[in-house]
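Paired with chain B in one complex and with chain C in the other, chain A is shared by the two complexes that follow.
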Partner chain A sequence: MSQTFHRSANTLARASILGMVLLLSAVGSALFKLQRSPYVTGQHIAPDQPVPFSHQHHVAGLGLDCRYCHTSVEQSSFAGIPPTKTCMNCHAQIWTNAALLEPVRNSFRTGESLQWTRVHDLPDFVYFNHSIHLNKGVGCESCHGRVDEMPLMYLENTLQMEWCLSCHREPEKFLRPRKEVFSMTYQQPSPEHAVEVGGTKYFSQEKLGAALKDMYHLRTMRDITSCSTCHR
Partner chain B sequence: MALLGLAVVCVLSAAGCRQDMQDQPKFIPLRSNDFYADHRSARDPLPGTVPWTKTPLNEDVYFFSGKRGNAFGNDLPANIKFDRALLARGQDRYNIYCTPCHSVVGDGNGMIVQRGYRRPPSLHDPRLRNAPLGYFFDVMSNGLGAMPDYASQIKPEDRWAITAYIRALQLSQNARESDMAAQDKATPGPSDIRMPDTSATPQKPGAPATMPQGGKQ
Partner chain C sequence: MQGPDQLPPKGIRPPIIGPGQTFGTLTDRITGIVLTKHTPIFWFAIVGFALMLFGMLNTAVGYLLMKGTGIWGINIPVGWGFAIVNFVWWIGIGHAGTLISAILLLFKQSWRTSINRFAEAMTIFAVMQAGLFPLIHTGRPWLAVYWLFPYPNSMGVWPQFRSPLIWDVFAVSTYFTVSFLFWGIGLIPDFATLRDSAKSLMVRRIYGLFAMGWRGSARHWHRYETTYMLLAGLATPLVLSVHSVVSLDFAVSVVPGWHTTFFPPYFVAGAIYSGFAMVLLLAIPFRYLYGMQDFITLRHLQNAAKVMLATGMIVAYAYALEMFLGWYSHDKYELAMVHNRLHGPYAPYYFMLILCNIIIPQSLWLNKVRSTPWMLFLVAVVVNAGMWLERFVIVVMSLQRDFLPSSWGMYWFTKWDVMILVGTMGFFTLLFFLFIRFMPAISITEMRTLLPQAKVKE
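Right, the complex of A and B next:
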């Protein structure tokens, strides 16, 4: 009886097993990468907006505080996008002829909402709350990046679960004094640069984080990484 | 190969099917929706709705208007306690909402004014130093001339805190040596800001004659 397969088929079979493993892991890691890529998360991509509103201009240039526009961020779950009236506080007199601002003026005249494109959008099955983060000493910058350097708003972080958890597992690495929460230029303490809280000077984030964790009564890591914290 | 294909299809379709729980048909703040003609999820209260607040609207007119009858009062409403915390809160809020135009010291040379906004009068103008507290509350609540109103951005409690802080700012910029406490004189430094005791001298009906034309007397 002649052989059905040539001898070389043995090598081929072995090679294809290996090939399969390689292919699967390649597909796997490609999906892994894809899932975290800007293509899926929208990270670092500024979507089109009805008005090219620049945080760089208004925050760094004019020194406006986040709360001038995002008024509810301290007391509620959502930060809120300012109504047209807030823009008109100033633009009733400034850049009154700029074509760029026509949608704002139109909205003010007609009472129709400006339709901003959401940049940060968690799935609806996730519960998120701004006020607790601010009150426990997490700065806007830790999540939104250097907003004062963004001519157009984009996503700084992926907002994926692993990102939330990377902080919930060790929040002490990110905590800052409450009065610095809105600052875009705050620097963590270092041997050359002390941060003062309640009369004590801290020279390392390790010490500061531990002290703030105590002071702001943070719950344990178990509590804030349990599924029902964010999925309720 | 078929298995692999199946696996890939499964993974890809799982990745593609996630939208149901992602975008649930519920209202969340500021989300647009097609049910209402104006596409807003956030609804205005129906006409005639009576607000439920800690201080009922009709019982504490002064708290919500800064006025008794037709005259501005020169004291804080009963439910606002004057203390350091109030001044600190006022300073905080003033720095957020007022400094863009009035500047940190209140001289009216804020950043937005430098970019072309109409220049407001200095808060240390004698006319404004003599204006009753209720007047400042009213300007914030209703605006005045080129000054926009802040009723939707600042809660009434906070408007009163800002009012108290403005008075403190006015006093601090015009302090005389005799205002300083003895220990501060010995070691010059920021002295405690004290408020004039307004409760002892009942306000005459009607605001001072120096009231700006914008004020409704």
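Right, the complex of A and C next:
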């Protein structure tokens, strides 16, 4: 009776143990990476829009304030998408014949809203409020990134829950004075660069964050990481 | 009954292995089931029937995934229904396998040898049925991954480690892993026997793969025995810990009827009780269908019956204690719970439970019942039904009467509940008969050591 297996089976059996460990760790880390990749989150990918509206041009180039268009951001959960009339405030005067702007003029004539593709879309089971974040000293840029450098709007951050929690667990690392929340060029304090709030100069984010947390009456970490804060 | 089932004269216990067996006959008989070219007709009949029930399970689970848990009878206040009842029942059944393979091994109870292999298989298959329920009980098993297992998910959330439900996940998955290893390692020398007895190269290769190059050298045996003992040592605490943790799902809450400290030992006793009932439920038809009366003798049945009697008495004591503690607490909610057991809308279930788990098993005091396979079989069926009723009584009766009468309600299970319960029984039977057909259902190597020829004088 011949041998059931060739002698190479011994090596194969031993190698398969190592192979299994390697395979499982590879699959594990691939899934870990995939879940956080732009393929899943849509990060850094600008979707098509009816009009290629450039935040870079309007914010950095023309110096429009965020609130000129997003009017309800300080009072409401929703920042507000401007009505076509807001666009027409200027575009009734300039670029009146530009082909790119035809959908805007059409919307103005017919009264039908422009159908923008939403970029920052949280799941429906998340209760998010813009006004509370601004009023507690979280800048637009902290979540939306350098909008003034985006020719087309894209996601700067993953908007995954672990990202939300990374700030809710230690908000003092990201807070800035209320007067700076709309700034796109704000710099956190450093030994060379002071940030002044209420007559006091701060040279480190640690000190500034702690002071702002107190000044703006932020609730405790326990409170703002509680499930029902965001899932109501 | 046939010859081997005749009792020896009074005062002599039946042997643990039938007379006239040799190394050769023993090996041939056990490997014969696996290596035969003529699979018995009853095997096809049983597996066919089990496949039908398995299909029903798939249908019911499929419909559940489409529609959600609304197809079940659960609602507020009874939010825990068949899913947890079945989970606790199945996981309890598994316990006898570990007790037989680990604790009885450490206590050198050599009679365990002929039943340990399939009792371990029973454990694994029962834990698989049990594991199904935590996965499907929410109707969304694809989310169960992050509800059950701590892993670095993109939500940055972890399961609640202070909850007994997550302890359960660890207890059950450890239990499954250790039982599976124990079973698998025990099978290695037997797979080698099958490999060496098989005629076709294909079969030799398949069993050879699982035998992992076993040659039966002294070094192999030495390592095998060491590993087996170590695993037995690891598995021993699990016999006690797994169902203790399952009981904490209830005992940690403040619900009347659940909030008691004696739940862990009570659950463990109940688990071994139902587990041995299931061993008998499987062993009696198995030895009859395959003519294995020489290997699974009346001695084994008697011993299993005695274990059932002992654990059944502990369970009876626990039922008495439930009543006593209700009175002793002098808490009006606990008293109401006791009253509800005896006079509430589910009282018939409670009295059925007492009948099945306490009154009928008292017949095991009689040697006649312990030595008559068909009677034992009936008692085992009754006890398994009783143990299922016990979990039903614990889960439903405590939930249906909430603290406020405004939140009282009834629980009526639906046909989907029943289909899933019966479906898991079919799945279990299917796995078990596949196991009997393709693996040595009795440990060949350990049985050889029981033969008189194996006793070598020093």
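Simple rule for what comes next: the second predicted complex is superposed on the first by the 220 of 232 C-alpha atoms of A that agree within 3 Å, B and C clash if a C-alpha of one lies under 4 Å from a C-alpha of the other, contacts with A are read in each partner's own complex, and residues count from 1 in each chain.
Keep in mind that, in the parts below, a contact is a pair of C-beta atoms (placed from the backbone, for glycine too) under 8 Å apart; a residue touches a chain by one contact, two chains touch by 3 or more.
Keep in mind that this is a model prediction, so the values were computed, not measured.
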When the two structures are overlaid on chain A, which partner does A:Met161 contact: first (chain B), second (chain C), both, or neither?
-> second
Dominant toucher of chain A (residue count), chain B or chain C = B
Contacts of A:Cys90 with chain B and chain C, given as first, second, both or neither = first
Does chain B (first) or chain C (second) touch A:Phe32, or do both, or does neither?
-> second
First, second, both or neither for A:Phe5, with chain B first and chain C second | second
Using the touch definition from the top, say if A:Tyr186 reaches chain B (first), chain C (second), both or neither.
-> neither
Residues on chain A lying within both footprints (that of chain B and that of chain C) | 35
Contacting residues of chain B [partner chain A, same complex] = 4, 8, 11, 15, 18, 21-24, 26, 28-30, 32, 38-40, 95-97, 99-100, 111-112, 115-118, 146, 148, 152-153
Interface with chain A, chain C side, in the complex: residues 152-157, 195, 201, 204-205, 208, 212-213
Could you pull out which chain A residues touch chain C in their complex?
-> 4-5, 9-10, 13, 32, 35-36, 158, 160-166
Chain B partner, complex, touching residues on chain A are 20, 23-24, 27, 31, 35, 62-65, 67-68, 71, 77-78, 80-81, 83, 85-86, 88-90, 92-94, 111-113, 115, 123-125
